[in-house]
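Per-chain residue numbering starts at 1, and chain names A, B, C and D are given in the order in which the chains are listed.
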């Protein structure tokens, strides 16, 4: 029994974290609000093998499992990376779709697909399973969403695409890997919002002292930190359960998403409240992370959806 | 348009408050935990006409409406009066049952009746409506409950009793008056717990200052005070709606109960937490009011029951 | 106790409802696509709306007729608010003038100030923004450092205000300036009325969370404010004693800034959304609960107005309502997003409303400050 | 990363499960009606239970065999806790000795103290209660004013301790006493080990919220404590330096006092209650949520134990878990009361458990204090 990321896994995460800190700073996320995201971080992730963690070595991948990838995806969340890492590396790659930027939304009521304006391939549910479409095989109907850096659209297939899998279990597993990735991104976003807010609360003075010295501010942030403390192991366990094909994998991803979504919600409220009016402007970076967390909290199934899945799994 | 208790109504409430402060102090409530409650407060309320507010003048009552009685019932809550004021004065009296100590529980799943060990009469649901039984016509099966001063029992009729009403609407109205009274008692209990806790927080010192000067304690109590602020008018409105036969009376009593129950729950948690270990003993008075509020919050329909009634009434 | 509207009030409600329906239709036909009042173009659209309201006598129902009102009571104001929000009419871009400055003018203004300024506020001719906040004076309003130096014939202003709602579109600013350079905290501040077209005043708009240019920074650099720059004295109340004037407004802002009518309209919208889309049993109960919270606010306001008309001072009790409506507004919008499911991510009235609601616990004094006020001044806990 | 129990651990679990089943049945047959361990008679019943545990080597699985344990790891302890609570066995009346005093003895005790005291704790021969709290030292532990005056051959104790759990039934008390009369706050306190049968010591039991005599006040009046009153030195750690000894225990108390197994057992009970009585859709979701919170605690504990075995100090992080399990326990019991409906009012295991849960945010350092610790020491916010 041993429950922590080992050195190899930590190293992969640290690589991702360092390159994202350099190539996906807040300014890059901000720029992605009005233009296609700068691809340098994405390319660097690809060069580091992060997109091919789940691709067999025989096909040029790293041939590793989800416990290696989950930390990388969490770091992408922390950076609010605009690119579709979960879809590409976690959902599509194990289905044999590699080497391309894939987007998908296999959510409970799939409607809005992120990264739709620049993805190279689209993985969509169809009557007979999951099909992959090239960018020229779909019609893109862009929509305005709360987080413009996601570049969302409604996507309508025009051609037949290519059947990736017709197996219901494989489709369900793909969905669950998407849920896992979204949970990890939410966890990363919470970490980032906590860092931003702790830093601000220590520096901002009101009534002659740092606002972080007021008990109300302390308790807002302590509550958020506590949520993070207990969501993090659930996300890691979900990755482990999926990687090892455990019987409770399906429940574990729902639990991870539910906890990480709640955590991001508590953290987001605390972050905005502790920043006050300064956080309530688009000039401040907080909103980049906050709005991403709002979008992801409802993607790949919201809190009620996943709570009900867990309820069913424990016999309620 | 005018929404406040006028002088007459305030006077009746003040009378009740004064006599309860004198005759139903914490020591009297405490004594009622181990023996039948001292009847002096009950007799004084009767002498003041409080039990007969809703009895016509022609029958020796005050011939007034629920807006006069609601403040009195709230004061009984504040004092944690052990006697069945809601049942006697608010539920039974308008049904023509006067001059006797009546108990009843017309709650959603009626099971446990308070004041059962000493009530003179029992108003119980039967297949054909509401029936009244003398103490010799029922079998009492005492039960131990969290608040022993309520003297609860399961009650099984032995005789036929006397039919008080066979009218479904009258039965429903009686139930709603019971809900109203319970809401008013809960509101009074919250007021009492707030007083106790504010007093304690101002006097108790830790870390070299009164604990009431810590923001965490302040915010616990501010939150409770805010709940009270918005529950109180809803309770008063429910009395008005019942008294004037308004179309929304049924919803208004459910709303009042829901709000007053939530308020007592928030207030109770805050009270216990701010008292710390001192409040966590039966030697301190707080528990007398706290446990009563637990009992009443689930009597006459709990939060979910009343929220669902309101949901139905607004078309959900 | 009487919870029936009078025949006069009922008649006013009917008139207003009809007027709103007709005039909203006409106005919308005039302007084409309706934009947010917190954008430059939308602000211009809404000024046309405000002038319609004024011409029909609806812009400030509770004011004396001489100032452009209709001599209404607070009850009439309440009816107005219910109908106004029910109709789907836009947010009032004149809000800061009518709801924050005007109550202070009524209480502390000279006859001249009232005669001259109030009608122009009601008519949306002068458009006032607030100048409370500064980079280092947010929750801590007494941290104001913008200076007003007395010179012959006027004042010289230096410093910066910020988070000035709609400041980029307004004509005037009211706010506190440190007039006694040796003073600290609440003392030595003067409440000044400042046209924004003075030399030495620069206004820079910036975006709120929802992307609208709803905020501004206002920079004062040796800006000369003549004593009669607003056509009458620019000082409201006494020199160096502006704090008490501002505080009286703060109480109004918290207590009556957001009428129950707004939330009644929001919850009605939620019931429509439910009818359209349905939801699960847990959300049904949550929506019923929110309905009760809104209705409790309505009922509490009826009590508050009764007390105000009895001459009771609103005072610190206003903080109770501020916490209630601001948290309620978030809950209402979170329910909406829940009902919208994945569509919640789409830009639209509900997602915009959600973002606006999130500002509620921050503006008009953070809810942390309000809870302190409740604890210290309402409950009497030690500081 | 390996989340499988070893064969040894699995075997221990099987053995323990069987042992518990047999021995609980035997013990219950012996005692008749099982009473609360926080009553005098119930305490006596449970001592018999504790001695059974000891004799089979289950009373302190993670201790060395020499002290009465079975040389287990923290993993073994976790398995023990899961099975223990799963079996429906009673609360441990030896808890304060095993979980609060013993870790401090391991860390700060002399060899003599360990050799002499630990086996007697494991065997439930010495029954220890805590002497942290005083009438004016609750959340503020440094407010201790009970005094220990050094005299020839021992100490003279004066003062009062209170909220001493099961103090009326215990044989010994550990706690802080002010040994330097000129000291303030954290300094000048000595951690003393005190038999309760000394002359000048009076113990008065009183009732907790749930009516059980679970608390005691302990009065010291010129009570002479010989240096070897416990058969070895009565001072744990250094004279005047007791604070650091107590603080190391506090962290243990918060972090590992309440194992996930307790809450896993509680939530299993809720699932049974649901199967028996059912409930509405909103409660179903609430119960699923609570299940997730319990399981998150289990997973977080696996991480914590991994870190502890890697030599990481638990430190302030223990405060995170204290807030989590204490609030979780209340939520679990509130769900139970919801499922019980009007029967929630009846005295019974769930209503008792509810009242006990409500103490969770108070004891072992209030949750307000824990949140301060998280903010200041984990997050580094300014004091």
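Here is the rule we go by: a contact is a pair of C-beta atoms (placed from the backbone, for glycine too) under 8 Å apart; a residue touches a chain by one contact, two chains touch by 3 or more.
All values derive from a computational prediction rather than experimental measurement.
**Q** Looking at the contacts, which chains touch chain C and chain D alike?
**A** Intersection of chain C and chain D contact lists gives A, B.
**Q** Looking at chain pairs A-C and A-D, which one is connected by more C-beta pairs in contact?
**A** More C-beta contacts join the chains of A-D.
**Q** Could you please state the distance in Å, as a whole number, between where the Cα atoms of chain B are centred and where those of chain D are centred?
**A** 38
**Q** Going through chain C residue by residue, note those that touch at least 2 other chains and give them in order.
**A** 280, 282, 285, 368, 371
**Q** Quick check: what residues of chain B touch more than one other chain, meaning two or more?
**A** 214-217, 219, 304
**Q** Should the pattern of chain-chain touching be classed as line, ring, star, complete or other?
**A** Here the contact pattern is complete, since every chain touches every other one.
**Q** Considering only the defined contacts, which chain D positions touch chain A in the complex?
**A** 1-6, 9, 75, 271, 274-275, 284-285, 287-289, 291-293, 295-297, 299-300, 302-303, 305-307, 310, 317, 320-321, 323-324, 368, 370-372, 374-376, 378-383
**Q** Chain A touches which residues of chain C in the complex?
**A** By the definition above, chain C touches chain A via 133, 136, 138-140, 143, 162-163, 206-209, 211, 215, 280, 282-283, 337-338, 341-347, 351, 355, 358-359, 361-363, 366-368, 371.
**Q** Give the list of chain B residues in touch with chain D in this complex.
**A** So the residues of chain B touching chain D come out as 107-112, 143-147, 152, 205-207, 211, 214, 216-217, 269, 272-273, 276-283, 287, 290, 294-295, 298-299, 302, 304.
**Q** Can you name the residues of chain D that touch chain C in the complex?
**A** 280-282, 285
**Q** Quick check on the complex: what are the chain A residues that touch chain B?
**A** 214-216, 219
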